[in-house]
Amino acid sequence: MIKVGVVGGTGYTGVELLRLLALHPQVSLTAITSRGEAGLPVADMFPSLRKRVDLRFVAPQDAALTECDVVFFATPNGIAMKQAAELVAAGVRVIDLAADFRIRDVAEWQKWYGMEHAAPELVAEAVYGLPEVNREQIRKARVLANPGCYPTAVQLGFLPLVEAGLVDTASLIADAKSGVSGAGRKAEVHALFSEAADSFKAYGVPGHRHLPEIRQGLARAAGAPVGLTFVPHLTPMIRGIHATLYAQLKTEVDLQALFEQRYASEPFVDVLPAGAHPETRSVRASNLCRIAVHRPQGGNVVVVLSVIDNLVKGAAGQAVQNMNIMFGLEESLGLDLVPVSP
Amino acid sequence: MIKVGVVGGTGYTGVELLRLLALHPQVSLTAITSRGEAGLPVADMFPSLRKRVDLRFVAPQDAALTECDVVFFATPNGIAMKQAAELVAAGVRVIDLAADFRIRDVAEWQKWYGMEHAAPELVAEAVYGLPEVNREQIRKARVLANPGCYPTAVQLGFLPLVEAGLVDTASLIADAKSGVSGAGRKAEVHALFSEAADSFKAYGVPGHRHLPEIRQGLARAAGAPVGLTFVPHLTPMIRGIHATLYAQLKTEVDLQALFEQRYASEPFVDVLPAGAHPETRSVRASNLCRIAVHRPQGGNVVVVLSVIDNLVKGAAGQAVQNMNIMFGLEESLGLDLVPVSP
Amino acid sequence: MIKVGVVGGTGYTGVELLRLLALHPQVSLTAITSRGEAGLPVADMFPSLRKRVDLRFVAPQDAALTECDVVFFATPNGIAMKQAAELVAAGVRVIDLAADFRIRDVAEWQKWYGMEHAAPELVAEAVYGLPEVNREQIRKARVLANPGCYPTAVQLGFLPLVEAGLVDTASLIADAKSGVSGAGRKAEVHALFSEAADSFKAYGVPGHRHLPEIRQGLARAAGAPVGLTFVPHLTPMIRGIHATLYAQLKTEVDLQALFEQRYASEPFVDVLPAGAHPETRSVRASNLCRIAVHRPQGGNVVVVLSVIDNLVKGAAGQAVQNMNIMFGLEESLGLDLVPVSP
Amino acid sequence: MIKVGVVGGTGYTGVELLRLLALHPQVSLTAITSRGEAGLPVADMFPSLRKRVDLRFVAPQDAALTECDVVFFATPNGIAMKQAAELVAAGVRVIDLAADFRIRDVAEWQKWYGMEHAAPELVAEAVYGLPEVNREQIRKARVLANPGCYPTAVQLGFLPLVEAGLVDTASLIADAKSGVSGAGRKAEVHALFSEAADSFKAYGVPGHRHLPEIRQGLARAAGAPVGLTFVPHLTPMIRGIHATLYAQLKTEVDLQALFEQRYASEPFVDVLPAGAHPETRSVRASNLCRIAVHRPQGGNVVVVLSVIDNLVKGAAGQAVQNMNIMFGLEESLGLDLVPVSP
């Protein structure tokens, strides 16, 4: 059994992580910390976990995290970078679901996240946890940067095209739509039901923090910097991301075969038949990414449709997938969830 | 492994049943029939089942249902009653998720369902599949009548009070609210998104088919006929039933203790602490019923709040629970789902 | 033109009031105050009002409210009671959309609202603004207590029965369902989209502040105290209240005729034909209350279904209706809105 | 008073048109036809219209449409083209809310709409009713082709850029999102609440009927054919279209000033301040189009955000706006609606 600690379990990423860990046959949940809720039974805050998670939140300083095999940070940005070094020194592996270790260029990170980085040396060794790209490095990672939700959906959609050098990487467009749970479980007016329901809007068009993360990943795949326009939108649904990706094709290619071959051995990427339109609900509550590729009217614009559940493949599920890899378990252990639909 | 057939797998009850059967470790899915969709891969209709259910729909006459150990009917009312006798004769056990075998009084059934019953003799032997009441008979059932969604939520809420003779059974009130999936996957205007979203209404106030089923169950518990007003409502959510129940208390009693004791050993009924208000999402995609009991201002009106997922404990999950009982398996096998929330 | 001031225009009641006042042909909007947003153009906070409301929020102390003919308080409870006396003294009529003047028994008010009342003498003279009951007193009111949303829907549904003495007033039940906008535009976790969407729950079963208000109104109609069980629920929709009311009939009566006659001359109460089930969307964005009355299976339980838009007839629209009455205008002036459906 | 007939009033476009016509001070509603619902009071089908529309549906052959001043067709595609000639011959002006007269190239129309055109000669004289482009021709139109919903949002967003020749018209991208009411009030599974709620998907990527209409309009503005990729998506909301438009800038320009000047005198186009992100709810139930223009990170990609209510500016409201122009009325008569938000 793997002894698991969770730092910051009171958000949506946290409760979803607890759901998945509760279902995992090789996990022993040891501690769940919360600064504000110490002493409260976890299931009092999240009744969906009654009789499945019996722990109480414990104050960070009282948690024996150094006795864990792995610690997940489901915290706001800027927390893990302060605590990871001590855990790593104690031989504990760290999986950060926030953004602290995602951007290799520390100056760039500091610009977008508006704070000084507390552990630049760990950034250098941290592994970016997109298994479809990085599986081998993930095995040995001491600090794992779990990818962002938009970056997961967008990279998985673009990678086959970019890796193969088939599209103009100077003019990529990612029009992405997210459910409201992506905004987190913070008491903020813009995320109220009466604000977000029955309405649709773009946000962050001048610049969103996931932009540099996506650019970094695509640049690595392309072997050169890329030009990307990224527009996120808020959709009146709880879970799900739908990325609609546009690229200019440079050469002829069998797109369907390209995508199917790229992901043939991936347990969590499902390339749909030609002509399909994936719905976010087809991956709801599962760790799957479903992708369809189109070439409207046979022109030179490729349109890729990529859907994930932002809380699973876009956060907690991918984190568990990474844990499985890091600990030599079957990659899909505890993650063989059938999507909940309708 | 139990060889399982499903008749009529194209509705919401059907797809949820397939999700649960795909997760069940002792089930071998043998045949899924559909009159209209024969030949179509099941996962083409329900992409959420891609790579989890590999069968194609097969025409009813081509399905070797008599070779199954158990056949589920996820069909409209009036189908199972025509096919059950042949299956029973062949030693196949039948679980009907529709209403054909729920009402013991055949004349009453015919009045409410508007058709002649094709197998009154099977009604007599059929077992009503509410395990919290009927577990022993379920074990031996050849024909199992899986309860309706409203009847499950309402009976589980009223039973402790009625069985103990604590309330006036002449004036029971059940004000119930259901998600739209309860209306099924039929192309009907009233269930369109633009009709049902962002709105709320009652329906069937003059009389709903679940009324005689609830009355029958409560009368059995009371040992005498009961008076019940039942008002169902349509709620703009996909899944979930919330029953708000009102009864006049006749004697003093510790309500909280009563409910906790009644359900102490039930794996799928969770009595919440005093003062709680269960949300339907706290049982979403699980087989749980969560109940809270109140006595506002200490008066003599008891208010019980009872929530289920109409497609799970209200249909497919309860059917699998019944199958587990019928085949001597652990009752919660394949049903240890953690609710999906948010 | 009536010179109108609005105190506290940053909530949902406030923005809806501004929408209605912007459409009103006899209103001159003079000042909209906000402590926190002084200086901000109102339309920057509420883009729906761009080019229709050109004012900026002004700090309370800088607003020339005493020069208005009428001032609406769209504030939290406890604000109007502190400011009303000064305005009344200056000859300004006050319409409070909060609860400060709704309960005649000041001790009772203080118990439910958890604060000391600052103007008990104004409570004594304040008029409860339910025009269907109180039209004559409203005309002369200096301080008008605009009814709560639930109390409006519940009272209009029960009044014909209670006024005529036809039902047992000791055992009334009001099972009410509200859209989430009823919780206001406050940043609170329980009202987040990801908390409230696709779920349903009861709240406040032990006791809700609207209970004494409803009891007071029904007692006035009955001429004696009444026994009422009131259970509010949160529904995943933005606007709308649906009250489902239960009462025991004491004598035979033509319920349909009773309701139609009671409301025959009311401009905003619409009694539906026998057998109907009103939907909340059928009154969305209008000042209407639609009512249907049922007697299931001909028994002695009356079921009344009453729907309103909680922000219009349940708040801002009723306030404008009251203003029209107070200033001798046609009662429906500016309120001849056609419900928005779908 | 203008005598108005409506052919086909049973869909969402129809009921919204009736709402607007009921509010219009210069309209006398004369006849509303329906093949299937003849004899039924309109308000029985649409309770939101009770006491506002007193007519019954009348069979098409029984409606004295030739006595009207104008007839609106709120019918499926292919109906107006068969009936318009007779009306025009009788001096009745025709406004078609369907697609029969939108595409000037009849062969192209036939390809996309899959039927033979019954009145090609009327196509030649029909006027495309986008007032922001075509106001003068609209005044004299005998047959008016009311634009599609997506085409309205997309054209209004692109027009300032394309008319001024500022962007590469070979690589335009329109990523558009629509509420479910755009699918109409037809009983179809894909538009059921339980299919469309809490999910998001693209559709029609290989080719959607609104593509040739948008291309035609932009080509007219550009003076040359354009290359456009158009991807529509289904969003879990009732009303609203959000178009996110991408274009490559060819020269430097003050985008904000360009848009503001282009629409300075337009009553129904609102250019938001720089940096804004319009929400669909900010135009809900109104005839407005709100637009914001962005240039992310100062690059050469222009991103335009354009929102409308698909049933109003995208259908019924624009039709009434066109009627006002055709009959010499003030253009916004009966359309000074304040958006309903929240």
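First chain written, first letter: the chains are A, B, C and D, and each begins at residue 1.
Everything below uses one rule, namely that a contact is a pair of C-beta atoms (placed from the backbone, for glycine too) under 8 Å apart; a residue touches a chain by one contact, two chains touch by 3 or more.
Please read all numbers here as calculations on a predicted model, not as lab measurements.
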| item | value |
| --- | --- |
| Mutual neighbours - chains that touch subunit B and subunit D alike | A, C |
| Pair joined by the larger number of C-beta contacts - B-C, A-B | B-C |
| Whole-Å gap separating subunit A and subunit C, where each centre is the average of the chain's CA atoms | 45 |
| Geometric centre distance via CA averages, subunit C-subunit B, whole Å | 39 |
| Centre-to-centre distance between subunit B and subunit A (centres being mean Cα positions), rounded to whole Å | 36 |
| Residues of subunit C whose C-beta touches two or more other chains | 12, 179, 181, 185, 194-195, 197-198, 236-239, 278-279, 281, 284, 342 |
| Of all residues in subunit C, those that touch subunit B in their complex | 171, 173, 175, 177, 179, 194-195, 197-203, 205-207, 227, 229-231, 233, 235-240, 242, 244, 246, 248, 275, 277-281, 284, 294, 296-297, 299, 301, 303, 305, 307, 342 |
| List of subunit A residues in touch with subunit B within their complex | 12, 15, 19, 22-23, 46-52, 181, 185, 197-198, 238-239, 270, 272, 276, 278-279, 281-286, 290, 311, 336, 338-342 |
| For the subunit C and subunit A complex, residues of the former touching the latter | 12, 179-181, 183, 185-189, 191-198, 236-238 |
